[in-house]
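Comments concern the structure below.
When the chains are written out, they are named A, B, C, D, E, F and G in that same order, and each has its own residue count from 1.
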Amino acid sequence: MEYIYAALLVHSAGKTVDEESVKAVLSAAGIAVDDSRVKALVAALDGVDIEEAISKAAAAPVAVAAAGA
Amino acid sequence: MAIYTHHLPAWKREEVESIVENAGKHELIGLVDVYGIPARQFQQIRRNLHGSAVVKVARNTLVEHAFNELGGHFIDLNGHVSEHSALIFADGNPFKLFKSLEQTKTKRSAKAGEITPEDIVVPAGPTSFKPGPIVGELQQAGIPAAIDGGKVKIKETKTVVKAGQAINKKQADVLAKLDIKPMPVGLSLLAVVYEGEIYLPDVLGIDEEAYKAKITLAAQQVFNLAVNAAVPTSCPFVTEAQIAKAVREARNLGVEAPIYEKGVIEMIISKAYRQANALKA
Amino acid sequence: MEYIYAALLVHSAGKTVDEESVKAVLSAAGIAVDDSRVKALVAALDGVDIEEAISKAAAAPVAVAAAGA
Amino acid sequence: MEYIYAALLVHSAGKTVDEESVKAVLSAAGIAVDDSRVKALVAALDGVDIEEAISKAAAAPVAVAAAGA
Amino acid sequence: MEYIYAALLVHSAGKTVDEESVKAVLSAAGIAVDDSRVKALVAALDGVDIEEAISKAAAAPVAVAAAGA
Amino acid sequence: MEYIYAALLVHSAGKTVDEESVKAVLSAAGIAVDDSRVKALVAALDGVDIEEAISKAAAAPVAVAAAGA
Amino acid sequence: MEYIYAALLVHSAGKTVDEESVKAVLSAAGIAVDDSRVKALVAALDGVDIEEAISKAAAAPVAVAAAGA
């Protein structure tokens, strides 16, 4: 999922999710970047409304153990 | 008073006076429909009502005389007098009288031409009939039947006559053979005068289910109001719901903002993961 | 709903829901009482298990939540 | 819950839910009125849109065992 | 809900939810405290296990609940 | 959760959720205030419509099995 | 959500989620870092098993979640 998190991070920074920005973030996290995966990610997200895609994702129900916290 | 009765023969006058006298002794005076009640059953119903209501059969002309003499809303009762009506005298709540009469009703077979008050449904399954012309009779009445294992079997559950529709002769015959009794038998209240008001069946027939639903709704409204307005109550269930609501609001705010605090961090992780998943897909 | 509220108030006071008690409560609330409605109410509730009808309310929001799917 | 039924009854009579009106209704139901509870009720309902509050379904507490599912 | 928030805050601070503590918190937030509501709140919480009530909050849907209207 | 309750309390008092107001409420509850957590809280709420956020079902509803309970 | 994306990215890179690593990723994404929020995030994650939290999110019923919409 790290490539997706990187894309979400770039997106939430208000930047365009392109190869350069994704690579920068992944590198900063200490991840050895796979160029072809970055390319594939950017291509897959091309034309995708990221806001809309993530807007439906609610958090999962809290487990009872956590609920007491 | 005597203007209506002075020309009547003595026994008729006595009959009218007896009705008027009974009317004076009871809070409720009304008319019931006794159509189709066999004599023995009629006696049984009268016995069942003993103590709570008196049913009196009288000539309609004399009933009308009596109602005219009583005046007021009793004159309106005249419009409900029919060849199958009888007088009923009782006390108390007219809605309760209506309900108790409904509860004493039983069922009988339908006659051709009668209107069924309810859907007549014939269930699928085996019958006790041996193969014979009955199969054709069933089919002509709209009931799909076949022979199965030496017995007549109804192939599928069928609504033969819908509520409010007339039952034709073929249907009536077959339903009687199937021992299906769609027609209610008993006293039907046609109209009643109580405390100067006339009450008709459309008003007297109470839908208990509707009342139950309203009670449930009222209880729900009270619960909603108590929780939403955080009204303090002595009901622990409500207090718990109020706490739960406040906690949920805090969690919602924590996740939405997001506020990185222990109580909500797992939910925030969960949301981030789900967002990533949604994007991946 | 005011007749129902009145009946439930009388019921929660531990009193019998009869014509007198319902009328007293409605009048106190400043509602012009319709005798025949009170009679109908009392007759209807005569055969109703009020506690049971109330208890259905408690579970209702949960049921609705599931039904929302 | 009788105090809240009283408030709903007063409200459905088109009256303002104040201490006096609530007390009158509770008394008529034969309930010994606790002044401080009436005050708390009226204070809690102050500024509340009762129509909205009664129709917005509150969730019933979910059993802990079930929540773990 | 401010009285409930105050109670939860006091509780999460590990303090006993009593009139004094609730009033102190409400006042600090700039809320004009209604003594009778505080009293009624504390009385209502008596006999309720706050931890358990919190755990029952487990992710019950707030938005869906409105459908019950 | 105490910082969030404090924010909700300040908000429901009709005040702006700023460092000062949150600290005052936390202190009144007897909580030793962590300046950095307060700062983080205020920063997180910057630009957030609190009313909307609290009514948004952030968590997913409880599983259907639980809802039937 | 950018702070949590950063944390999850660091976590999925197999690194410890600390202030430094989170800041590095946020900066690389071009996000102006708020120190207090990073501190709060790291503090909140202390003792939390991120893998477990994710696996719960994965296991939670997605279909039901839609009901919250």
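Brief remarks on what is shown
Following the convention adopted for this analysis, a contact is a pair of C-beta atoms (placed from the backbone, for glycine too) under 8 Å apart; a residue touches a chain by one contact, two chains touch by 3 or more.
Worth saying up front: this structure is predicted, and the values here are computed from it rather than measured.
Of all chains, the one whose Cα centroid sits at the greatest distance from that of chain C is A. In terms of C-beta pairs in contact, B-F outnumbers the other of B-F and A-B. One inter-chain figure worth recording: chain C and chain D are separated by 15 Å, centre to centre, where each centre is the mean of the chain's CA atoms. Chain F has its Cα centroid 27 Å from the Cα centroid of chain D.
Averaged C-alpha coordinates put the centre of chain B at 61 Å from the centre of chain G.
Residue positions of chain E with contacts to 2 or more other chains are 1-2, 5, 8, 37, 40-41, 52-65, 67-68. Residue positions 218, 220-224, 230, 232-233, 237-238, 240, 244-252, 255, 258-263, 266-268, 270-277 of chain B each touch two or more of the other chains.
Residues 1-2, 5-6, 8-10, 12-13, 15, 21, 24-31, 58-62, 64-65 of chain C touch chain D in their complex. Taken in their complex, chain A has these residues touching chain B: 1, 4-5, 7-8, 45, 48, 50, 53-54, 56-60, 62-63, 66, 69.
Of all residues in chain B, those touching chain D in their complex are 218, 220-233, 235, 237-238, 240-241, 244-245, 248.
On the chain D side of its complex with chain E, the touching residues are 36-37, 39-40, 43-44, 55-59, 61-64, 67. Across the complex, chain A is touched by residues 251, 255, 262-263, 266-268, 270-280 of chain B.
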